[in-house]
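The structure under discussion appears below in the form of structure tokens.
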Amino acid sequence: MNLAEAFTILFVVAGIFFFVAGTVGLLRFPDTHTRLHALTKADNLGLGLIAFGLAFRMPDVWGVAKLGLVWLLAVLAAATVAQLVARAALDRLPDLDEKGGAR
Amino acid sequence: MGALLTLPLLELTVGLPLAATLLAIVSGRFSSGLVLGIGPAMLALAVLLCLAVGSHGPLEVAVGGWAVPLGIALGADGLSAVFVMTGAIIMPAVALFARRAFGSDPAETTQSFTFWPLFFAMWAALNAIFVGRDLFNFYVALELLTLTAVAMVAYGGTAAALRYMIFALMGSLAYMTGVALLYASAATLDIGLLSEAIEPDRAVVLAGGLMTAGLLAKTALFPLHAWLPPAHGNAPAPASALLSALVVKASFFIIVRIWFHVMPDAQSPWLVQTLGLLGACAVIYGSLLAIRQGRLKLVIAYSTVAQIGYLFFIFPLADGSAFALPWAAGAWTGGIFHALSHAFAKAALFLAAGLIIEALGHDRIADMKGIARALPMTMAAFGLAALSIMGLPPSGGFMAKYLMLTSALAGGQIFYALVMIAGGLLAVIYLFRPLNAAFAGSHVPEIAPVPKARQTIPLALALIATIIGLASSIPYQFLQIGLPEVLEGGTE
Amino acid sequence: MTAAFVFDAMLCLLLVGTAVSAVAGRDLFASIAFFVTYGILIGLAWLRLGAVDVALAEAAIGAGLTGVLLIGAWSMLQRRCGDGGNDPAMPVLPKLAAAAVSVTVTGMLALAVLALPVGAPGLVPLVTENLSESGVGNPVTAVLLNFRAYDTLMESIVLLIALVAVWALTPKELWGGVPGLRQHARPDGVLATFGRLLPPLGLVVAVYVVWAGSEMPGGAFQAGTILAAVWLLVVMAGIAEEPRMSSRLLRLALVVGPAVFLGVGLVGAAFGSFLGLPVDFAKALILAIEFALTFSIAVTLALLVAGTPREGT
Amino acid sequence: MMLSTATLYALCGAAMIGIGVYGFIVRAHLLRRVLAFNVIGSGVFLFLGALGYRAPQAGADPVPHALIITGIVVALSLTALAVALVLKHAEEAGRAVLPEEDREET
């Protein structure tokens, strides 16, 4: 096993750890906002670590760039979706519904 | 005549209606006029195709120049040519009839825009099946056909369209599973290659069963018929005519291709008797329910359920599991004949019913007393077409039943002979009711005016249904071109 | 027992589990969520079976767009009809009969699989042998756009006719209007920012997927889905509105792909064979067809998701 | 006996077909039927694709892959029309269930 392979294994395992943590958070946390917190934080970091680990196995710099793009797009999409879910959840809270008006 | 073979006849029978589909989408409210150009062109193509098949025997071309099994082939034998011709007559006739309902509004409406692309795509899908040689291409064409047919049914009612869709979805999945099994067995989807490559082993028999079950749902053979009467009975008349005359025949056509061309060896006594029995149930059950209907279009729709039953008598009568009985070719040809004459007669009946609805505003049989005096030409068409459905001479329906009856008697299958006679009698009863009402009384009822020109359309179709009985030897001989091997030896 | 086999077996178990949850779950939304998960997992299965093109199509169309259609319908049912997706109860006996049918189907298929010969290469040798004359290096693209181009031509018409069929359900008084529901998004919200950021990137990715499709996995249907998704996002973010269904330009956009495809086919027929592509021009023709198709597919898919017009204008 | 990858996934496809068939028959809610249709559909495609991978040393058969991509697009087309019909029916009838199957709710 050379150094690149060792790095791959190290970072991918670390990434998986964050995914597992995020999933546990999703299942165990009490409400939508804390769950979102667990999910986005853990998953984005987890995906980043996995992408970083896999970068060591890419044949050229284009491959690395593609991995980076994948990660960037996933983070952007996750951030937007998390924001939308959070806002929708806020709208559903009963005390805010009065002030927010009909929607 | 050799020059005919250099023309891309088979490709154009599919390509031309496809082009018309695209034109109909962009030409907006002028699309109802397209058929005036496309109709004659398609009829000319069908005539040329018949001439080519008649003089050179079965044709086959490789699309894109790629030979099977890598590419897809198109082909035409007598069976293909006759069905393409039937479509080339019925489709333009129905289109001319439909121009009033789907093309006379000055502004574009939901129906006047959507009908014409659906119509041309339906034509393309039908022809793709009639000249198809590839089982997966059949699947794509069938789904195109289903989409167009469901959309046309939806004009008449959402629930009826949904019911149809549920059967069609299950049918297409079952068919596709069978195709997957056949490809896995033989690494080809071409009808000709498959027939050489496959043995009737476990996978192949299961594939045949699945494909047939799926196609039966789309053909609406008893007990998978429940969707048909509401769908065909409530759609606008031109749509009902296309659905009953041609659409249900397309899936039947593929069933014939599978069992007589792809895997004749896999026919078993069990299979042929099951299909025959289901057909017999359809004939009796459909006819009895047709008698009980109060609305004309529902009578005609249940009659379709019954008439589909006869088509499946070709399995026990031509019995492919007992090789090349002397009467097999006669029985098979009789069945195909029945499909053709039913197509013309049923299109005529639905269009005539459509005219009656336009004239009266309803199709309640009890309230159409004396309509024959107000619409004599329409009722003449109805009566003529009814003769063919009843199987009385001189008509195509009579020739078909005559051929099947002789084979049934020759083969000692008295049961099917009795069902055919019973079905004929029941048809007399259910069609006599509307005819009786139409001639009842002595007054001429008040009706909305119906132009003579439109009344000639069902009359012409009914006349064709009669003529193919009188001049039956031409289509009969024609159907022997490229006859399935399993039936050969049966022709005198 | 190898690690690969353990992975495959676990994936299969997950597939069966998500399929059961999607089909048998009580809550309709949860069922749809399981269905989307199931679709993504099938994408993984396709990778294991050496079918990267199919994996892309499954993830984009099978799981992605079908999921969007189902979720959209679920939300519409809830809001418009108060239908939460509850089922009428089925008595036990028919349920048992259904289970028997299901087990029979699976059992017979399984028996057929086990009876099939092993090691059959299918059409691999023939495709490999003819690949150099197809104009492209990706065998799946060669099959789709050359060897079996006739299927693909019909398929593009199927998609187009599905849209016409959906449009045929438009209520009379709404004909010609704007498909789908009006979107109400905050103009300065995160979604709007994302909707402005994504289109250029999405366009590049889509063009790349078509371009790469001739040599590597990719192609018109996958790229068309990407474009359609980008467009849907732009509409959801309130940056642009769906075009009216009466627009002449829109209708041209819908047919241009199939028209180029059919046109190439008919010109081919004049020179020898319908849909025949001369070796020297094959690659250029395939790319031309694919780019035109991608555009039309994107427009068609986006409008299929929007559905019929819902409110008068 | 060790199952080959192809056989394993083909069997999995067969199982998915069975699961979908059960759902299609038992669930009367029309949107659930559409979902079950898609479950069966992907099962059929997996079945076909897996059987095209029976000779891994020769490579995966691209012909089934092309058929499956076509099939996926066809299935989407049918799904889109089915969903539109379900919505229209629900707006007319109040529920996405066919009248003859509308029994007591669970």
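Letters A, B, C and D mark the chains as written, and numbering starts fresh at 1 in each.
The rule we apply is simple: a residue touches a chain if its C-beta (ideal position, glycine included) is under 8 Å from a C-beta of that chain, and two chains touch if they have at least 3 such contacts.
Just so it is clear, the structure is predicted and the values come from calculations on it, not from any experiment.
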Separate pieces, if any, that appear once subunit C is removed in thought: A | B, D
item: Pair of chains with maximal C-beta contact number; value: C-D
item: Rounded Å distance between subunit B and subunit D, as computed from the means of their C-alpha atoms; value: 29
item: Where subunit C and subunit D are represented by their mean Cα positions, the distance between them in whole Å; value: 13
item: Centre-of-Cα separation between subunit C and subunit A, whole angstrom; value: 26
item: Centroid spacing, where centroids are CA-atom means, of subunit A and subunit B in whole angstrom; value: 56
item: Where subunit D touches two or more other chains, by residue; value: 17, 47, 51-52, 54, 61, 63-64, 67, 70, 74, 77-78, 81, 85-86, 88
item: Interface hub residues of subunit A, defined as touching at least two other chains; value: none
item: Sites on subunit C at which at least two other chains make contact; value: 109, 116, 120-123, 127, 147-148, 151, 155, 158, 161-162, 165, 169
item: Chains that touch, pairwise; value: A-C, B-C, B-D, C-D
item: Sites on subunit C touched by subunit B in the complex; value: 108-109, 111-112, 115-116, 120-123, 126-127, 130, 146-151, 153-155, 157-158, 160-162, 164-165, 167-172, 175-176, 246, 248, 251-252, 254-255, 258-259, 262, 265-266, 268-269, 272-277
item: List of subunit A residues in touch with subunit C within their complex; value: 73, 76-77, 79-80, 83-84
item: Residues of subunit B touching subunit D in the complex; value: 136, 139-140, 143, 146-147, 150-151, 154, 158-159, 161-163, 165-166, 169-170, 172-173, 176-177, 179-180, 183-184, 187
item: Residue ranges of subunit C in contact with subunit A within the complex; value: 189-191, 194, 197-198, 201
item: Touch list for subunit C against partner subunit D, complex; value: 1, 4-5, 8-9, 12, 15-16, 19-20, 22-24, 26, 28, 31-32, 35, 38-39, 42, 45-46, 48-51, 53-54, 57-58, 61-62, 65-66, 69-70, 72-74, 76-77, 80-81, 83, 85-90, 94-95, 98-99, 101-103, 105-106, 109-110, 113-114, 116-125, 127-128, 139-140, 142-144, 147-148, 151-152, 155, 158-159, 161-163, 165-166, 169, 219, 221, 301, 304-305, 307-308
